[in-house]
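Scrolling down, you'll hit the structures one after another.
The same chain A turns up in both complexes below, where it pairs with chain B and then with chain C.
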Partner chain A sequence: MTRATPSRFSPNYLKQLPEDLAEYVRRHGLDKEFGRLDSWSSSMEKTYTEIEEWQIDNLIISYWHIECMYKHAAGFAVSRFLEGLKNGKILGTKCEGCGRVLIPPRIFCEWCFRDVDTWVEHPGTGVISTYSLSYIGTDPRVRFEKPIIVAVIWFDGTVKKANSSRTVLHSAGILHKVQGVDPEKVHVGMRVKPVWRRPEERVGSILDIEYFAPLEGDG
Partner chain B sequence: MRKRVAIVGAGMTYFRSMLPMTPQEMVYEAVRKSLDDCGLEFKDIDAVVSGSAPDAFDGYHHKGLVGVEPSGANGKPYSRVFVGGGTGVGAAVAGWWHVASGVFKRVLVVAWEKMSHPYPHAQPLFKTIFEPIVEQPLGPNLIWIFALEMRRYMEAHKLSKELIARVAVKNKGNALDHPYAQLGAKITVEDVLKSPVLVWPVHRLDISPSSDGAVALVLASEDEARKITDTPVWIEGVGACLDSQFWTNRDLAYPYYVYLAAQQAYKMAGITNPLKEIDVFEPYDPFTYKELHHLDALLGKPGLAPKLLEEGQLERDGDYPTCPSGGLLGVGNPIAAAGLMKVAELYWQLSGRAGKRQVPNAYVGVAQAWGDLMQVAQVVVCRS
Partner chain C sequence: MDIWVAGVGEIPCRPSYDEMDFREMLYRAAAKAYLDAGITPADVDGVVSSGMDFYEGMSITDSYTPDQVGGRLKFNTLVSNDALNAFIHACMLLKTGQFRTVLVTAYAKASNILNYPEIVFNSFDPHVVRPLTPHFYAIAAMDAQAYLLNSGGDARDLSLVAAKNKRNALRNPSAAFAENISIEEVESMEVVSEPLRKGHVAVPCDYAAAVLLTTEKSLGKVRVEAFGYSIGSYSVDLSLKEWGRSHWARAALEMALRQIRMRRVDFVEVSEPFAHTELMVLDGFGIVGENVCKTLRDGGFNMDGYLPVNPSGGCIGMGYPLNAAGLQRLVQSVNLLRTGRWSSCLVASPDGEVVDGGAVVVLSAEV
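Moving on to the complex of A and B:
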């Protein structure tokens, strides 16, 4: 059988390619990917009881090296939120219909379905609604020795509960990281405050808040 | 006036971490089996509804098109449903619309996923499901949202990791009886707790695997179904619901949107007390705690599912058999196909063809899937 792509990738793979193509492959680091036969073979070491004729020769490897750049419009509401972060402020909008404080802010209220244009500033103190201890990052192959504490922070005074139950219907809140506390000691309900980067380091990003830290007396 | 809709045939491929087949070959195998199951030919099918998760898994955009030829959809109306993890059950719901509307008489529903394509792992692709401006800069991975939701759920009902781990023990055990299952196994609670922590409180064995696989169902209107089979399983109710994209503004302890979707389906099916009237439950279980979290909402009673689990009521021979198939934890999780597998399981259970997995006296069942950023619920209620 002939194939457009060689079925077997050997360390000599590059030698089979015309020089300019090989140069391209090297320049983009693709040779390393094709050459990594160990990890392939380890991923092949699985038992496939019902499947016969399973062999690496039947795999066609394609390697993406597409650089995707995106310019996301932050929009009316989040642009102002990011500008606030740059100035060390947490800004939100407030719906005059249901009274909810909206952080991350939006310019419409999805409960009342009306325009929202009242802006409020929040000191950023709040409680941990929930948290987790992440031993892996975006790439699951990289394992951290010490976990990152990831949490949803609910901002003080913005929690709306149902009258008849403990159910929280809404709270202004964001996803962020928590530091300055032993992972063993984090708990739901822990009081936290934002720790800001120095003004000259802030760029108008969610990372202008470096992390959230326990308020004194908690943790 | 809506038409009554029946499932008359089902078929599926093996669920495996890596199948040496193209998506087209997988779809063909599942579709062929489902047609053989009810003695139809592809020319008997009026329309096809397909479901598959993000294109990025395949490195191939407009991947919905790979389902066209192998489902015999050339020259027919063909659509692709996508609501994240809810896609599988969502495709069955959309198939129901086709027939219930009276526009089509025989509709094929097929869902597939090939997650082994991305090398070395599909996980980095999941980063792009997060909001790009205020969430992606934090470097999230998919397991974060589950760990956060699980922790909140544990806090709300004071649940232990030990109890939640019993879901993995039960489902992987049930999957031993499923001929197509990827991860049927006899394990213990200790095995789960000793498996590596990925994002606490989530351990490796709390998570369903990534898989390749395809599932197909044949739906028919009442008059057609009576001609095709003596054992149709009726789709008596469907429900679908979404919650806010702003998930950090919500309480993750209870999936109220799943409750709302279930209530839609129950109302349509005339079910007033799910605890008494439903015989088989197939809630979505990509993670151990998710089965309990969703069952709470399907039963409409927050915190009840963990109690039933503790009493052993969720076992196949218990009063509320839950995931008798083995679920995603045991059978495998090829995203869209996993959801449709749950509806296929209802078909097999309620028509008495579930073999070793058969739940005795099963007449009414509910299947549910969940997806996007913790906000989609899709529910199907079936009756034999």
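Moving on to the complex of A and C:
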């Protein structure tokens, strides 16, 4: 078991607290720990009747850092996909039932519920189907000066409508980043292509594609 | 409203399926269940899956369940704890009359979890239990110690259970830890936490199972006679736990017994993450006339005994697929009933390694 490694509250966060609470947090060194300060706030307001002399100074919080360690077997289909990326190829599967191309690949088709074992290679060119200019990281305290462009790329020739299905549209597509373009000029329908890392840098990861960039003449 | 098992599918237990991810494992199991039932996903009204995000290393796992089991655009829900709870949840859906056929799925990808003991450890109270950093084997061992004291058993009885189950598993092609092993060989294994030896502990495994339940009699292969579930004395700080007893078992069984007249089953399948769990749950049921440990020593729970227990090999013989253990037991029970050797059984599964809670299902070959 590993005890928690204390992390410091950001000064900005302390500034947002009521002064009496912020002062308490500092006095007890709690700004050096992590925890939910809103729970401290509600504790201060709470009335305890069973133990008359209870006060916040008696409050004990046990800190635990939960250590969960996993490996994730990518399975047959995604392993082959990742191996393809390492070799500079975008591989998918094609369902012989409905004709859909699946990128990233699956060995089953959820539309037809059948085995899928026909492999195809795609050049990776496609269009932006949706995107966002993101100014935030997964840590909410982080704000980017320049936005990251996250986008879903629909690969050329894979868009398929199936009237017999309640799903109106399918396209082989992946989430990735778009670079090499002024954020203001990104738009749905922009044609893009993959920009690969150098072969010696590829490891069999989605990041072997460094980003997608506009095709010449678009962007 | 009567409920039948229309079909079952599984992929055999293995220490690891490196070549398949959980979607591929579930797809294989579900495809077998559909084939067994002679129906397609179009005939299914909903999916109930069993899952524990902590085991899967992925949040909100129910979102990732439907595609690979034919559940796309259908009712879908995930039930936590042991998979027998998911099975019972599906039965209750069918009893509403709004569903005709429901698929139940469960899987374990134990090989993905690199520090399983710590995952279980985090189920304990952070103030008064975790600081002592007990391994959950030690918690289970205290249960075993208390059980043996309560029941007049001794540590060798645990080896009898382990050897029986490993030998039973030799007939089960889905078992990963079958072994023609003697009691003495189990007795000679190293102690992990007294009185538990290595051979008394079921080894976590990879596994996937799918069961199709239906109210359509013409599809029925095995009948679901009754079910029950309960939580016994239980608190995360372990202070309310009555050591060495499975209180949940009798309460769950009584719930099931209220639904049927049947008072005898031909065999029992019970998930046993530890050898003593099997005995403790049997004792909890109160269905064994004599002392449970004495009956065990007399061979009463053997394949040819008066009440075979875990003829499939149980979790010790097959592998312990975490929360999927209950559906593993259920699938084995259905397969055993379909051999024609037996006509009824009691399926039981606790909600985890050291939890006083669980579920039971009574099945019969009568359709």
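Rule of thumb we're sticking to: the second predicted complex is superposed on the first by the 147 of 219 C-alpha atoms of A that agree within 3 Å, B and C clash if a C-alpha of one lies under 4 Å from a C-alpha of the other, contacts with A are read in each partner's own complex, and residues count from 1 in each chain.
In this text, a contact is a pair of C-beta atoms (placed from the backbone, for glycine too) under 8 Å apart; a residue touches a chain by one contact, two chains touch by 3 or more.
Computed from a predicted model, the values in this text were never measured in an experiment.
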Partner chain(s) touched by A:Val78 [first = chain B, second = chain C, both, neither]: both
Partner chain in contact with A:Glu110 - chain B first, chain C second, else both or neither: both
Which of chain B and chain C A:Met69 touches, first, second, both or neither: second
Superposed model, chain A: greater residue contact from chain B or chain C: B
First (chain B), second (chain C), both or neither touched by A:Leu169: first
Which of chain B and chain C A:Val142 touches, first, second, both or neither: neither
On chain A, the residue positions that both chain B and chain C contact, one per complex: 62, 64, 70, 72, 74, 78, 106, 110, 167
In the complex, chain A residues that touch chain C: 1, 60, 62, 64, 66-79, 106-108, 110-111, 113, 166-167
Residue ranges of chain B touching chain A (in the complex, touch as defined): 14, 16-20, 59, 119-121, 123-124, 127, 132-135, 137-141, 143-144, 147-152, 155, 196-202, 244, 246, 248-254, 256
In the complex, chain C residues that touch chain A: 16-24, 27, 31, 34, 40-41, 54, 57, 66-68, 70, 72-73, 109, 111-115, 118-119, 121-122, 126-127, 130-131, 133
Chain A residues touching chain B - in the complex, by the definition given at the top: 39, 43, 46, 48, 50-51, 53-54, 58-59, 61-64, 70, 72, 74, 78, 81-82, 102-104, 106, 110, 129-141, 147, 150-153, 167-177, 183, 188, 205-207
